[in-house]
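Written below as structure tokens is the structure these notes are about.
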Amino acid sequence: MSEMIMILNGPNLNLLGGRQPEVYGSDTLESIETACRTHGKALGLDVDFHQSNSEGRLVDLIQQARTSCAGLIINAGAYSHTSIAILDALLAVDVPVIEVHLSNIYQRDEFRHHSYISKAALGIICGLGAHGYELALDALARKLGTTKGST
Amino acid sequence: MSEMIMILNGPNLNLLGGRQPEVYGSDTLESIETACRTHGKALGLDVDFHQSNSEGRLVDLIQQARTSCAGLIINAGAYSHTSIAILDALLAVDVPVIEVHLSNIYQRDEFRHHSYISKAALGIICGLGAHGYELALDALARKLGTTKGST
Amino acid sequence: MSEMIMILNGPNLNLLGGRQPEVYGSDTLESIETACRTHGKALGLDVDFHQSNSEGRLVDLIQQARTSCAGLIINAGAYSHTSIAILDALLAVDVPVIEVHLSNIYQRDEFRHHSYISKAALGIICGLGAHGYELALDALARKLGTTKGST
Amino acid sequence: MSEMIMILNGPNLNLLGGRQPEVYGSDTLESIETACRTHGKALGLDVDFHQSNSEGRLVDLIQQARTSCAGLIINAGAYSHTSIAILDALLAVDVPVIEVHLSNIYQRDEFRHHSYISKAALGIICGLGAHGYELALDALARKLGTTKGST
Amino acid sequence: MSEMIMILNGPNLNLLGGRQPEVYGSDTLESIETACRTHGKALGLDVDFHQSNSEGRLVDLIQQARTSCAGLIINAGAYSHTSIAILDALLAVDVPVIEVHLSNIYQRDEFRHHSYISKAALGIICGLGAHGYELALDALARKLGTTKGST
Amino acid sequence: MSEMIMILNGPNLNLLGGRQPEVYGSDTLESIETACRTHGKALGLDVDFHQSNSEGRLVDLIQQARTSCAGLIINAGAYSHTSIAILDALLAVDVPVIEVHLSNIYQRDEFRHHSYISKAALGIICGLGAHGYELALDALARKLGTTKGST
Amino acid sequence: MSEMIMILNGPNLNLLGGRQPEVYGSDTLESIETACRTHGKALGLDVDFHQSNSEGRLVDLIQQARTSCAGLIINAGAYSHTSIAILDALLAVDVPVIEVHLSNIYQRDEFRHHSYISKAALGIICGLGAHGYELALDALARKLGTTKGST
Amino acid sequence: MSEMIMILNGPNLNLLGGRQPEVYGSDTLESIETACRTHGKALGLDVDFHQSNSEGRLVDLIQQARTSCAGLIINAGAYSHTSIAILDALLAVDVPVIEVHLSNIYQRDEFRHHSYISKAALGIICGLGAHGYELALDALARKLGTTKGST
Amino acid sequence: MSEMIMILNGPNLNLLGGRQPEVYGSDTLESIETACRTHGKALGLDVDFHQSNSEGRLVDLIQQARTSCAGLIINAGAYSHTSIAILDALLAVDVPVIEVHLSNIYQRDEFRHHSYISKAALGIICGLGAHGYELALDALARKLGTTKGST
Amino acid sequence: MSEMIMILNGPNLNLLGGRQPEVYGSDTLESIETACRTHGKALGLDVDFHQSNSEGRLVDLIQQARTSCAGLIINAGAYSHTSIAILDALLAVDVPVIEVHLSNIYQRDEFRHHSYISKAALGIICGLGAHGYELALDALARKLGTTKGST
Amino acid sequence: MSEMIMILNGPNLNLLGGRQPEVYGSDTLESIETACRTHGKALGLDVDFHQSNSEGRLVDLIQQARTSCAGLIINAGAYSHTSIAILDALLAVDVPVIEVHLSNIYQRDEFRHHSYISKAALGIICGLGAHGYELALDALARKLGTTKGST
Amino acid sequence: MSEMIMILNGPNLNLLGGRQPEVYGSDTLESIETACRTHGKALGLDVDFHQSNSEGRLVDLIQQARTSCAGLIINAGAYSHTSIAILDALLAVDVPVIEVHLSNIYQRDEFRHHSYISKAALGIICGLGAHGYELALDALARKLGTTKGST
């Protein structure tokens, strides 16, 4: 039986592919969603995929994940650096959380080097583009035991 | 034909398994090396695995990787936070670099939140324990094209 | 004739009781609302009770309080530490404002020690759990003259 | 043929005229909208005028401006100082952006001296009250070539 | 049977009523003491009321409270911002401590925004003038069980 | 009858056109002076235009403006960031002051983000190149009533 | 009729003459008191001279000065840099206060560069040794009108 | 035989009397010069009195004082806070230097709290208005021995 | 003939044994005094042992030590971190000073990491509990020559 | 039966005696080793004494001490202030660690005031020269029970 | 054919030889000029040598160098640390710039450690006294090709 | 008779020529060594040339230079910014030290702007590429008197 994983995407990630491709790559959010669903299925994971520009909506979604999901992957975009509300929602969630960033935030503006989210995350994957989401699914699968260790 | 990947481990990582298992997990460095070799092979990657407590020795090894390897994975341990020399060595390397940390460094001492290494890394994976090394190999395999995209 | 008091609760306060009870206590937001209504009635105060995870919605509600309420009690949760928008809304309100926090924010993370809200508040009550709301109603009642001084 | 300009107003600007007139002046947002429409028409510019207290809604609107407008004027109010999400939305927009503030933010609280928005703006006009919007329209008209240089 | 509560007042609070009434209100310390005794009695609490300009004397008094009192209310005035000695004395006390400030210290000089005392306090009440002492007694009564919950 | 406006230009602005045109544009200071005179005339404003590389000379000129001018426009260049003497001279002037910067100083070196001048200015216009001077004249004309509101 | 001036000396000033004469000069506190009395008499001022090592005692003395003295001279020694309690006592005093330091505190340790006292002082005289007390008496005499202007 | 004292006044001090009298008092620089000459004569001191808005000119004058004067009084105005060049000139002068400020700079903007000049001064007198110059002459007279100690 | 050593203990050290034993150990101050007397005697040192909660009293005692003692051991407790007055008293003492802390202050709150006392101390011993006092006596004995070197 | 104690000396300590004797004293490292061996023997402790200029070598030695020694004394010299690698090695060691510094590091350069080592040390002894090593042995002997308490 | 090099000296360098020779050496500015002319001639370089105490004058001279000189050597003295105006003038110059300091500014006051000039300089030579000017000429000669490489 | 000069090169300088030539130039370390030997010979200086990636090895070499060399030139590379151990070794050396950097470190990352080495250096030469080593030899030759002054 497969587990449900919520994948949350923050502000402006709906623009992926069109916006600053030299920073964020050429994948669209739709192609990332498709890749996640496919990869999740192979790992025994169902994917509940969302994007919102609203901090409050992201808090709402995280609260829903508390009861409906076995794991959570979040790329909170700009809210990573400013939102204690999202941090608090994640702290209230008992399932493992993986933080993902498409770009290497440590090679960008100083104010992007700090993420509140990291305080609530099991692990962080950043700079690996769309592939980072798949690796996060791998990490959750390993954690949740739907897959085995190294093969 | 497989590519060579150098995996570098910094100070005190030779103590893994015995040292503060609540922080670093119970895997030993030997078991990580074995997992990396096995996982690498599946990805078409050969693994050149090293550990040193010496900053200078790590710089030497990175310089060697310039000509001998197609990718580099580094868990520089404590030197992540203090060594500009290792950063400079990595900046002189043309192959993709993945930074790995076993623990989530953002949930530990303030002085562990900053890594000089990140300035030279393609991507960072942290908090996912020994599994992080395997994910780093996945990322390099995808980058180097020895494996395909999402399956 | 009784006065209307708006009581505003910020992000994640809808989780009270279930979320980190060692920090926030075991009262639910519903039980707090009930206690406030009961206590308010005894003080000659009607209570207009709200919770929202959205910063913008909280701004909207404060703006409504300008014309409909004689006093305002706000536990802005995480937004206390990050929202100048809520501060500005409160500065535009002429009625007395009491800031409430369930936990003692000065014994938690450094980034929770500063509250923008305090700049617009008549008074602050923190660390006294659900009882803090009732004390805030007492303070407003005294301020608005619906009750007398010490008995 | 006239160009479309989006004019965005952030939190609490709907209170203009009534709120702290010694800081923000006595113009209402409606009178500013009217003045902008009139002045825009004279410059060959159509005006799409919005206000929202919600950060996420402002991000949504900026994303719409990407395809519908030739220029953007934004007075993000309190979000100027706290919102990287709005900054990122603006960075994804190719049209010229003018940042406007009614008051001189450098004569107010220290935390109002820094604006994330400025990183994405062509120019900034502040302290000139409602007139600042008209000057911003002048600047866009000059930039877009709907008007000529100095007369 | 009633419980004993020590109420401690720090430097310059003996001047209340005469000194800067626009900041501290027009109540004298004597009227506050009277109000506390009256209010305490209604709550089943006896009040041991002190004022001193001496940091060392305040430390002495807190040490006495360790064995003689069931709760402690402290308005340490200026020492709130500078005295680690008083903090340490309070940390050595097992009874609940409520910190009170007459004025809203967050609307005054920057150096008044930080209180060492808060690290040892159960709760903080500030900005509510002399009424704050009565609310602190309410909080202790609720905590000590001499009164019931909301009525 | 027209009003006199002093326009002051600080160090290195005499090099405009030749110096770093990618930062400062291709207008020369002479062409800006001409545009200001023409635009001023249309607004009922006479223009007294100066440039100096000397901080003391700029202070002298501002002092002269106290009695001879109805308004002052200043682009203090590098002195914006370092000169309290110019700030003090402006504070001693009773006429409205508009601060102008050709480039968007918030997108340049960190040390260019702060301007002492802003503390004495009615308004600030920056990043709009030579056009910024004309907009400053518009603002003064509106302020001084030589022109009407929006047309 | 002569006015009463309180002269307050803080911790370790009783050691003057013997302690670090290269910093504080060779005058003893007794010789300073004598010089102040003689100089005060010539200016129509009586002198009430005190020294204490206790912060609380200094607060007590300043409170007494509120009703008994027409002016106050204070060399608070080390407490200048650490005591908000003394600052608050001085703020509650209506008579003019002159702050005196024997040594030039700006040429000593960094932590001696800041004095809380200065916020409550009319003027500050520092670095002029024992003579500074006499100059402070001159300043008070001029302020209180017991002497005339320049002769 | 009398000694020569140079008195230097920095930027904007020529405006004294007219400029912000609530900060700087109603004395003009001319009346201060007259008072200094009269008071100096009584102390056996000749006065060489200058004002300049130019930092470089002030450096020139200080260099002249090296050979022509027995003491130097400087109110460097705004340059106190920004000029290392004036500090260096003073450090090259062997005669005693007294720093004077009309206002209490510690009660004004944060950036006025630090003076480079103080590093080179024997003593500092601030907040005592025009009288401060006369007290500085007293201090130099005492130092140079043209007058005796306390009378 | 034996030398006299003053041992000074600051605020709250009279609570030792009862207060936070996990931080300060289970020794009482009395048992420390006894151990010091016994150990001192063996080293040819008489011990003058004091405790006070008052900063001023500690300054008084240090001043007495100037003439009566050959060495001074001080555990200033919380005043270590806040008292420049005690530092100044110690700087006025010519005898060797050893600073002692029971706990390792570098493993506690950030504000306990800095000690003003250290600037005046010959040596510092911290984290070694009550034994630290005896080691301090050893150090003074070696320094004063009442004992020989290593045995 | 005696216990083994490792004593580690960091960079440049091999120069002792010859290098800056006014800072480090005139003892050579050899004489310190001899004194430690003699003193250790009297305490029932064997001494394993090392010096290295290499951070990596010091990490190696600490790792060896994990299994071979009952206690560790470390004077890490300059690495105290810069080496997180040595801190991590010490954190992995279960035996008690005493940190020693020959000079009082709090009276030297600001960058010598902080030691990473202190986070892993039981206690710190500094400023007492070569004698500090012997006191550290005393502390370990007391801790390990090879000697009794105060005599 | 020889190239023209401008050598600029900032405030107080005209005092060289007489002023603080322990810091700046005993060479006079005249002897430096002579040495530069002689050394320049040997390198095929003509020298245009200036000194000014005025920041504005130095900006003027740098602007002249734009068209008249092939290289520029600048010892801006105190203005190195405070003048963005001089930095901007240098940034507008296309010829290579060498920054020279007589003393090692990194061993002096903290505020002398930072030089704005360095941002515009090809290279920096400091601490080598008057010889530094000659080395700067060597560097320019090598750069401009009037001399060959190593001999 | 010629003097011996040690020239030390820190981490990654062995990569010169191949690594980031746009930053470090195209000279190899071998060509720099050759140029130094040739240039040294002309100045009467023998050259002892080393490179190491190890901080400890560099400390060892500096310690050797104490007895074998008359001067020392060091380009410590990345260790300039992080190594107090190297600083301490240099402070223990009595011969003159010249610090060299190939690139202008003040135009690179913020963390490269500070060099610990500078505290121990006679002079610093930076930004002049390989030529900087030759200029450093010139400076030492002048200092040691193997060459005369300006020719």
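A few comments on the model shown:
As written, the chain order gives the labels A, B, C, D, E, F, G, H, I, J, K and L, with residue 1 at the start of each chain.
Keep in mind that, in the parts below, a contact is a pair of C-beta atoms (placed from the backbone, for glycine too) under 8 Å apart; a residue touches a chain by one contact, two chains touch by 3 or more.
What you are looking at is a predicted structure, and each value in this text was computed from that prediction instead of being measured.
Here the chain-to-chain distance from subunit E to subunit J, counted in touching steps, is 2. Steps from subunit B to subunit K, taking the shortest chain of touch contacts, total 2. Subunit A and subunit B have Cα centroids separated by 22 Å. Here the spacing of subunit G and subunit K, counted between their Cα centres, is 49 Å.
If you average the Cα atoms of subunit A and of subunit D, the two centres end up 33 Å apart.
Between the Cα centres of subunit A and subunit G there is a gap of 64 Å. Across the assembly, subunit D contributes residues 54-57, 82 that each touch 2 or more other chains.
Inter-chain contacts, as defined above, occur between A-B, A-C, A-D, B-J, B-L, C-D, C-E, D-F, E-G, E-I, F-H, F-K, G-H, G-I, H-K, I-J, J-L, K-L.
Looking at the complex, you find that subunit F touches subunit D at residues 35-36, 38-39, 42, 104, 106-107, 113-115, 118-119, 121-128, 131-132, 134-135, 138-139, 142, 149-151.
Subunit G makes touch with subunit I in their complex at residues 10-12, 14-15, 18-20, 52-57, 77-79, 81-82, 109, 111-112. Listed in rising order, the residues of subunit J touching subunit B in the complex are 54-57, 59-60, 63, 82-85, 87-89, 91-92, 116.
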